[in-house]
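There are two complexes below, and they share subunit A, which is joined by subunit B in the first and by subunit C in the second.
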Partner chain A sequence: MRCGAGIDARMVDELAINIDPIQAGGRLTADAMKAVIAYGDGYSVCDNCRKPNRLDYITKPPIAQFHKDLASWLNMDTARVIPGARRGFQAVAHTYVKPGNPVLLTSLSHYTEFLAIEEAGGVACEIPADGHLIVTADATAAKIEEVKKDFGRAPALAFIDHVDYQYGNVHDVQAIAKVAHQYDIPVLCNGAYTVGIMPVDGKNLGADFVVGSGHKSMAAPAPSGVLAATAEQAKDVFRTTAITGDVTGRKFGIKEPEMMGCTLMGVTLVGMMASFPHVKERVKHFDRELANTRIVVDALLSIQGTNVLSEYPRKHTLTRIDTTASFDTVAQSHKKRGFFFSGALSEKGVFGIIPGATRVWKFNTYGISKVQAQYLAQVFADIARENGLKTGS
Partner chain B sequence: MRCGAGIDARMVDELAINIDPIQAGGRLTADAMKAVIAYGDGYSVCDNCRKPNRLDYITKPPIAQFHKDLASWLNMDTARVIPGARRGFQAVAHTYVKPGNPVLLTSLSHYTEFLAIEEAGGVACEIPADGHLIVTADATAAKIEEVKKDFGRAPALAFIDHVDYQYGNVHDVQAIAKVAHQYDIPVLCNGAYTVGIMPVDGKNLGADFVVGSGHKSMAAPAPSGVLAATAEQAKDVFRTTAITGDVTGRKFGIKEPEMMGCTLMGVTLVGMMASFPHVKERVKHFDRELANTRIVVDALLSIQGTNVLSEYPRKHTLTRIDTTASFDTVAQSHKKRGFFFSGALSEKGVFGIIPGATRVWKFNTYGISKVQAQYLAQVFADIARENGLKTGS
Partner chain C sequence: MAISPTHKKAVTYFITGQYYYGDPLSKRAVDVVFAAMYTLTDLRVLLRETAPLHELDAEQKAQAQRLLENLERQVGSLKQEMLK
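Let's look at the complex of A and B:
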């Protein structure tokens, strides 16, 4: 089935249990799907844009209220929608980082945080995760002191991943932020894997900024996201334009340069908005999601030779697993090599593991039901047994 | 009908002739609508992302081919999709403009070009449009000389609107670029109102960059757009990342900092792709669109006191009209004031004129049929007659 010349209609989530590490939290809700159909046209949210002509002032659809609700839900003072979490990193880095400035992030940070630093001309300084792959307040303090010695100044900004993309481990943003603030370093909490997945209270975390991803974790179309700030930092990052035309004398009102004016003019924003009530509700039930993850992780651990590389017991649904001493031993002599594993998963209706991967791989059970989790557990155990691996059960 | 809590389903283009100045070129094609339904989920295009893990390398859906086709269609060497034309301005400004550098744009330039300059720390230098509201090569030469005198250097970059957003006038990018290049100034052609609307040949225009807007003119969801470059300039703006992690030694492959890595991970991109064959075809028939515009503009001009502020005869479907001496005289004594006009249009099934506006306003007939154009012409003439204005017919 095609949805355009050469473009096959995508039916992954209709036909399979999708445990792709980055896709699990971005599946649309039914309301978002309706919104996508109703607001597909470009500039569809601008029908009722009136002075002062800025996206977050539009009341029909209720975009203004959504912005207030987003900020309040994250327990921050101000929020803007953005085309992806990365554009939030970019705006904040551009505001605080001057060329040559050291900027803190972590040894588990996402590449887009590095790019934001690079674009601002900053120098990336990684706080090393500890032996348990957790970033700690102590390591943060040590790194800041090291940076001060090397650069003669404290870092200009800190990017701290609430949950990192590599292991899905939960880091103690609150304790880290407390240390950073002792050096007057503003802290951006990267909630790409938490905002929309589990409860996030920005002020309780001590974050100056909270960034979330619509397409990763808020059941919204791409590219979308949120940048929330405290009132104090909002003045910096959401400052309004000061430029004028030298001939016309034109000024540009309350447009915000770091946002490049309006950001999400249609389907992406309305998709986020339509999913929002469901997202607000689902974060309250993260315990159910964790219970499902544990069913699957425990099944994998019952396969002899399998290790979980993420912290254990799991505190997040994104998990990194090492099957070098289990499924990869099968791949060594299987005629399909590593593809036996993804092939078997596919035959059993499971999607989202990189084809060919049998050593270290990630999966995310977010959004599956308990029955699906039990089925997944069975699938992994069955593939193991069918290929002569020993299982604990 | 609602598509989410508090969100009314949008039915503007289903129920009315929509002549909104910014929305006309962004209405989805039927194929784009199918694509939006199939690819609504966040990260939906990443199912088959493999090494080197960059959006423009994905072959299923055929994103890699789309990038090549886009570049070739614009007669440029390289193209990237971006979250809106403004993000193309931002990337190019950030690449070429150092703090304090003068940057050329025009007295008719869009605010997002100003914001891009502001964000890069540049100084906006407007080339004044002439008495006919056209930006000329002569005015460009004069402005460059003025800038050289004032700043001791030539402008670092020039933003030239192919068709401006204020009047929909066509400017001679080719002649302007020739002048700019004599001073080694790279030229960005802002095709937000032309790419996807009328034929655009970047090399023939002499542009170093061509920027287009998906949601404004390529029948795509928002935010989307294209940044195309010559091979020479692509090396600058699409340079790959050079940052490394100081602890982990991590590098980030071929990700491009100005793009912040991948850009449109789902519905926005596939919407653009699905519309693309139709968009390529429709630009060949711009003459039909102009014929429709002329029917409507001539009807407006037949109403005594009405002037067209855009160049005439019209060369684009976006038109600025002055009805201060016609419809606004009615508004002066009408019990609904200026709202009589938008109210009457609405009753007759026409959408897109700012409610209350009776002096200077804009409309865009792009995409309507000849029959609809004739109907629109009749509607304007009828509203005039019904309110006691003289018409030439």
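Let's look at the complex of A and C:
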């Protein structure tokens, strides 16, 4: 079935259990799908835009209230919707980082944090994760001292991932922020894998900024996200325009340069808003999600030779697994080579593992039901048995 | 064909003091189109929740039954509105 010339209708989540590591938390709620139907046209949220002509002032649909609710929910003072977490990194880096400034991030940081620093002319200084692949406050303190020695000043900003994208490990943002603040370093908490997935309290974490991803973790269309700030930092990052045209004398009211004026002007924002009540509720039940993850991880670990590379027991639904000594041994002699695994998963209605991957791969069980988790666990065990691998059951 | 008072009211609900012209259909037809799409969306979500086998339990079957009956009513209303 096609939804346009050369565009097949996408039915992945209707036909399969989707455990793609980056897609799980962004699956739309029914209300978001309905909002997408109603607000698909371009500037659809602008029907009732009135002076002062800025997105976060629109009251119908209730965008102004949504901004307040977002900030309150994250326990921060001010929030803006943004086209993806990366645009939040960019706005904050552009505000605080001057050319040549050292900026902290971690050895597990997402590439877009590096790009934000690069674009601002900063120098990336990685806090190394420890042997358990966790970024600690001690390592942060050591890195700051190292940076001070090398640059003659403390870093201008710190990007700390609440949960990293590589292993899905939870890092102690609160302790790290406490150290950073001792050196007056503002802290951006990258909540791309936590905001909308599990409870996030920005002030309790000690974050100056909390960034979330709508399409990764808030059941919203892409690109969407949130940048929330404390009142103190909001004055800087959400400063208003001061520019005047030299010929026309035009000024641009209260537009915010770091936001490039209005940000999400249609379906992305309304999708995010429609999912928001469900997202607020679902973070309270993260324990259920972890229980489902455990069902699947336990099944994988029952296959001889399989290891979990992420911290264990799991504290997040995104998990990195090593099947070099299990499924990859099958791939060595299988006629389909490494594609036997993704092929077998596909035949059994499981989607989201990189085709051909049989050594180290990631999956995310967020949003699946217990019945689906049990089915998924059975699928992994069945594929192992069908290919002569020993299992614990 | 003149715009009905209901239609006019609906438009002003969205655009205060401003009117869109040229749509000969009733507000009811528009409402029902959206309602039917939303019913289909609920069915779509049910398919997602039960993927990949789509073996519905008793509660899910009852939900599907309710949604399909709604959809039939909605399609019936559309026929009345659009084909009159």
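The rule we apply is simple: the second predicted complex is superposed on the first by the 393 of 393 C-alpha atoms of A that agree within 3 Å, B and C clash if a C-alpha of one lies under 4 Å from a C-alpha of the other, contacts with A are read in each partner's own complex, and residues count from 1 in each chain.
Note that in this section a residue touches a chain if its C-beta (ideal position, glycine included) is under 8 Å from a C-beta of that chain, and two chains touch if they have at least 3 such contacts.
Everything quoted here is computed from the prediction, not taken from an experiment.
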First, second, both or neither for A:Gly212, with subunit B first and subunit C second: neither
Partner touching more residues of subunit A, whether subunit B or subunit C: B
Which of subunit B and subunit C A:Val267 touches, first, second, both or neither: first
First (subunit B), second (subunit C), both or neither touched by A:Asp13: both
First, second, both or neither for A:Ala222, with subunit B first and subunit C second: first
Touching partner for A:Asp47 - first (subunit B), second (subunit C), both, neither: both
Partner chain(s) touched by A:Gly4 [first = subunit B, second = subunit C, both, neither]: first
Partner chain(s) touched by A:Gly349 [first = subunit B, second = subunit C, both, neither]: second
A:Met33 touches, of subunit B and subunit C: first, second, both or neither? both
Partner chain in contact with A:Gln372 - subunit B first, subunit C second, else both or neither: second
Subunit C-contacting residues of subunit A that also contact subunit B: 13, 27, 33-34, 37-38, 47
Interfacial residue positions of subunit B with respect to subunit A in the complex: 3-13, 20, 22-23, 25-28, 31-44, 46-47, 50, 60-62, 65, 83-84, 86-87, 89-90, 94, 107, 109, 111-112, 114-119, 123-128, 213-216, 218-224, 241-248, 250, 252, 255, 257-258, 260-261, 263-268, 270-271, 273-275, 277, 351, 354
Complex contacts: residues of subunit A adjacent to subunit C: 13-17, 27, 29-30, 33-34, 37-38, 47-48, 348-350, 369, 372, 375
Residue ranges of subunit C touching subunit A (in the complex, touch as defined): 14-16, 34, 37-38, 41-42, 44-45, 47-49, 51-53
